[in-house]
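The structure follows.
Chain nomenclature is as follows: A, B, C and D, assigned in order of appearance, with residue numbering initiated at 1 for each chain independently.
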Amino acid sequence: MLIRLTGGEVVDPVNGATSKRDVWIRDGVLADAAKGEKPDEIHDVSGCIVMAGAIDIHSHIGGGNVNTARLLLPEHHRAHQPRPANTPLSNAGWSTFQTGTLYAQMGFTTVVEPAMPPYTALHTHLELADIPIIDKATLAILGNDDFTLSLLRNNKSTAMLDDYIAWVVGSTRALGVKVINAGAAAAFKENVRSFSLDDVVPEYGLSSRKIVKSLQASVNRLGIPHPLHVHANNLGIAGSADTAAATIAASEGVPMHLAHLQFYGYGTGGKRKFSSEAARLAEAVNGNPDVTIDIGQVMFGQTVTISSDVMRQFSAIGNANPKKTVIMDGDGNGGGGIVPYRYKQDYYGSLQWAVGLELFLLIDDPWRVFFTTDHPNGAPFTAYPELFELLMSSDARDAKSTELNATALGMTTLASVRREYTLEEIAIMTRAAPAKLLGLKDRGHLGTGAIADVAVYRKGKDIAKMFREAALVFKNGDLVVKNGKVTHYRFGKTLRLNPPPDKAMVKRMQAFHEERYGLSLDWFTFPDSAIHREDPFAEVPWNS
Amino acid sequence: MEQLTRNGVLIDDTFAEAFGMRATAIIITAPTLKWARQAAITMTGFATSVIGCGCEAAIDMDLPASKTPDGRPGCRVMIFAMGTDELQKQLKNRLGQCVLTSPGSACFADLEGTAPLDLGNALRYFGDGWQISKKFGGRHYWRVPVMDGEFLCEATTGLTKLAVGGGNLLFLAADSAKAMRAAERAVAAIEKVPGAIMPFPGGIVRSGSKVGGKYKGMMASTNDAFAPTLRGVVKSALTPDINAVLEIVIDGETSDAVGLAMRAGLKAVIDLGPKRGALRISAGNYGGKLGKFHYHLKDLLP
Amino acid sequence: MSVAWVGSQPVSLTDAIRNAAKLLGSSRCPVFTLDADVHGTRSAIALAERLGGAYDHAMGEVLAREVALFTDHGGMFTTPGEARRRSSLIVIVGDIPAAHHDLLQAWAGSQPDLGDRHKRSWFHIDGADTPRAATFARKLKATPLRAEGQSLGSVLGVLRAGLQNRATAVSVSNFDRFRKALAGALFPVFVFSGASGEAPGLVMLQGLIADLNKTGRASSVFLPADDDAWGTALTSLWMTGFPPRTGFSNSLPSYDPGRWDIQRMIRDKEADLHVWMSTRGGETPPKGGRIALISLSKTDAPTPGAKVTISVGKPGIDHDAVSYSSRIGTFRAVPAGKPSELPNISSIINRLAEALPGQRALPC
Amino acid sequence: MKALTFSLLAEPEERLDLSALTPAGLAGLTDLDIARLRIGSGRQPATVGDVFKVTGRNVENIVIEGGSTRIDKVGTGLALGAIRVTGAVGSQAGRQMTGGSLLIEGSAGHHAGSGMSGGRLEIKGNAGDCLGGPLAGEITGMEGGMLIVRGKAGNYAGERLRRGIIAILRGCGDYAGYRMIAGTIAVTGRVGATPGYLMKRGSLLFDRRPEFLAPTFIDCGETDIAFSGLFDRFLIREKIIDRPLLGASPGKFGGDLAVSGKGEILFRRGR
């Protein structure tokens, strides 16, 4: 199968300057121009932008907590509009089917679910496998489980920690490792109500810093391409910027990814003791080249916050809207909280909105700042098109600002920042950089040999519309979207690392589960066949 | 001054001069009329004149059980003041100190008005969290637990800006007993007029006043022209046959209510006749320069 | 041995599929009673969507009650593993289904190794409406919390009021011991099931737990009345966004536990075709309502009253399965216990879909 | 102008969603538009014309002639005007009404008056469960208006009531006023088990002492309160009842003490 996209403006900064050129797809892979060969399909894409398929590195699209949110909120589907008609199972609010459909329609072809509790890995993968069209991946959560914390408390060798992490990543089919408010979930079970970087988990006498540093070092030693994905302490609290700055400083020259930095961009200034520290954090990121971050932008309206940060979610119960929540003290790294929330255009909402944009605009290097709303925590991913517009148009930001709380915006630098993202920067932030961050060499660009994940957008004045309805989307060379509508369903893969398990560690795990849970290890692990799809996984190589 | 005569009673061709006021009306009920009246009387005590009391208030009329919202006997109370803020303050204080405290009382709005005044809304916090809000029939009530049950009180009542204060009649008689008889007849007649109250003791005032006085800071002082003991010493309005004068001051929900009240008072005193009551009836004014409302006695005669 | 019947006549599987597909294709309103593992459920929901039908689980009544606790209230929960390792005070709430007794007995035979590490103590909240509960609780030496003639919901209310130092019209046995035990435990856990008592009592329980968390910690372990039903609910949630008692009208899923109560729809003759699954074996379809029936059931004889019967395997016995397990509070891959030739429900449903007009494969 | 009248031709095969048949929903539509409105939801959904004969023009005054337990969501979102059904209706009649009047001359199914916030819904027959209550997942019940059931109501009448009045004249099932937040439920006739369970505030007014009360309701005695007379007179004036419901000095239970104890059950003594 040979496909030629002709007449489009190709935005592919990895492979050179933006130019009008043809893009060729041969059997699902991007190819050199075929000379003298007649393509099976030709698509005239003049007047369009051609980019690689977009990659979302942090979006809660599946697994136990997401499913619990669906359970808690059957009335909540209006938050996840729009709902296109007449596509298989895709209209159900935020079902797996709709998730794949809506992402594809925006030109996204790979999405990472960043929070998989190892013990519920099978559930996460069952859901991911039911998300059509796109490729998926997920990060295994560590840092609150008894096994890790006991190893650290007992000063076991780093090799043993490495073996454990490799076993977890391999057996849970993860693409990387995430730590969520390290130690806090364990401490919360012993009635600790606030937890910062140097606070100590009572049971183990370990500080959060020690846990983060140990995991970061191990991930780096193991050669897991994606650096440790850190959800820091004190999320959402006034003054959390101090925690975030301390965490950034703690990277100490080793790669580290900080998730949804917006939720840590708050100082204690002003009458309401809630102010923007975005400029300071942006400075810290700019000065620490080993640190990457994603934003977790807040957009306005109804959503639901889904987080494994159970301590934080418990403290947010009072702000639930509508007033119902689920708090789960899970096994070790599992659990979390589901707290529905409506971002209002009041002081707090306006400030959060501005902090996210400040971070986007003040962090200089698009290779180190990632485009997320922490779906659905800051906003559902369906708000992405509007967010693209805000980044690419200072006028759009000004227009929106007039609707918002002036006092809050006055406490930020937003009005003075006139930066507008170029299409090349967008392509880096949403394609090239995520691929690099995750170690996915086969995507994020349109070079020959990359998989043919291609998004074509019709150029227009309305930036949001352009990104909401991709003119064409190819996934592995399959044409899946035309004029903003899914025309063809297929199922992608879940990308994983596959380290060989250390035999001694497997034995140790068997003993641990039998002793501590009274169950054999196979209650907690699963074969690929449990997913019931052909080749549900694709392996990503380790860094050598 | 020209005079008219009715049933042998001389009527001065003068007018009562009255002012615009803010007013409200409420219904106070209780298990018996006695206790409804007691609450009302206590609430409207020390409310003769805005000059010294902040407001002018009195019972407008008693209401049978069939005419009250909760089916218990009650009375309608009116309160007048010069401004909305003062009216609200007086209403709140009097309600809290005199009605809330009175056994078995309940309190309802009884004036549509153009703006709400807090009634139960201001008092509900006495319930210390145990107060109960009830909304039905387009009205909002608060129920506050107290030692004999509950204080039931409508959340708000209405404010009118069309109220008038200062309608008056002066009864000039041969002696104090006759002046008193005339005034009492007038009070009894005016009590039947809805929307009009007489805020002075028993409806009657004996210390009619003029504006200002010789002492610094006195806003009003004795009406020496009508004081019989000063006749001849000062420029007097009294003829030699007059030895006592009593006044009735009327506040009304509307100007019409004041007019109707004065008409009723006039008729009662004229019917009484000069031998038993007043020889002459007059009214107080400031030459027509201060008050917007003028009630000419000749227009109100029977 | 026959595996398919039309009426009472043994037929080939292909014939049975063709007959069933014909019924499905011409049905105005087909309804599905689900009873399968995750993959059987996925296929069945996909078929219901294609046919504009509605679905519920065989244990839909108690499942709806469990679902309602979450949709209408939420709560605080923990896992069986965490309770076992961390909780020195277990409070059994009402009647726990026999299927979970092994789990609780395993806890009784182990010691917490995290948190306060105290020897585990047990209480049992009992109601006049949960008479079977006490027998099992006695085995665990649980201290009973009960009040003469009071329902579980009432006893829970009295406990909740009492823990806030409020008066109540009756008192509960051993309340002072209970209060002291709560004060002494770092992570007390209340164990309940949708079969524990009526739905309002479960909301009361969660209110009690929320009260305890104002100053200390406490949580609950939810042991579903039926693990497979709960697994079906979770599967339904990711597939359609809704728990069961969901129907597809105008191709959109809609959730309404009253409207899409399959048994009611059959009774009220709103449905005209019932696809009844029973992989447990030995069950007969619920009585009442006489509409056409397709039986997908673990059976070696035609289902009485069914127009078509197809024999299927039991997940986890005849074939590998993925099922919800309350032992771990999530899904588990279960290898076939006694592999057989009986087809899994998913493959039968996929064949049915392909035999329908249009002949498209299901998305799962 | 004659009332716009929908006469049911026969018992419908499928459940029908009549939420479009309101004054606001029908304003400006031609006869043909109305006949083509899709009200079914099954595989072959019915239109208005399939099910009803339509006569009259006045959309402010709608009559549905004949009833069926399969006609759901009658009068959804009604804001103005009147709708009358001469027979029974299915579930969710008067759902989220904000004004106007809806009269059901027969019985109604579950969730009648669900989430209504204004207007008057009167059911001459019986009502099903969750009268005025929230649908699955919703957390607010009725927020205003007046809901009158002249027959019996099922379980969970007035669940999560926040404002407004529910009057039920021939008794109700269990859990009346379940999780009430405020508002008033008046019942004459027999009341089922545990009324007011988990109520925060609000009033349950009964014409007799409740039989099966949760023990988290405490007997507060019998007190002379003016409110009983006030409310009795209101009910009589509104022609909901013709003699006093509570009378003087009603008995009172306070509860639910498991939550706050700020709710009340008032009942007429001596019955």
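What to note about this one:
Criterion: a residue touches a chain if its C-beta (ideal position, glycine included) is under 8 Å from a C-beta of that chain, and two chains touch if they have at least 3 such contacts.
Protein names from UniProt, one per chain: A = Formylmethanofuran dehydrogenase subunit A; B = Formylmethanofuran--tetrahydromethanopterin formyltransferase; C = Tungsten formylmethanofuran dehydrogenase; D = Formylmethanofuran dehydrogenase subunit C.
Quantities reported herein were computed from a predicted structural model and do not represent experimental measurements.
Central chain (C-alpha centroid nearest the global protein C-alpha centroid): D. With centres defined as mean CA coordinates, subunit D is found 47 Å away from subunit A. Centre-to-centre, using mean CA coordinates, subunit B is 74 Å away from subunit C.
Chain centres here are Cα averages; for subunit A and subunit B they lie 75 Å apart. Once the centre of each chain is set as its mean CA position, subunit C and subunit D turn out to be 32 Å apart.
In subunit A, 73-74, 324 are the positions where the chain touches two or more neighbouring chains simultaneously. Along subunit B, no residue makes contact with two or more other chains. Among the residues of subunit D, those in touch with two or more other chains are 135-137, 139. A complete list of chain pairs in contact reads A-C, A-D, B-D, C-D. Across the complex, subunit D meets subunit A through its residues 135-140.
Contact residues of subunit B toward subunit D in the complex are 29, 31, 69-72, 104, 106, 129-130, 132-137, 141, 143, 148-150, 152.
Put simply, subunit A touches subunit D in their complex at residues 73-76, 322-324. On subunit A, the positions that touch subunit C within their shared complex are 62, 64, 66-68, 70-74, 77, 83, 85-86, 88-89, 91-98, 119-120, 122-123, 126-127, 130, 132, 146, 188-191, 203, 314, 324-331, 334-335, 338, 489, 516-519, 522-527, 529-530, 532-533.
On the subunit D side of its complex with subunit C, the touching residues are 13-15, 41-45, 69-70, 72, 91, 110-111, 134-137, 139, 175, 178-179, 194, 197-198, 213-219, 256-259, 261.
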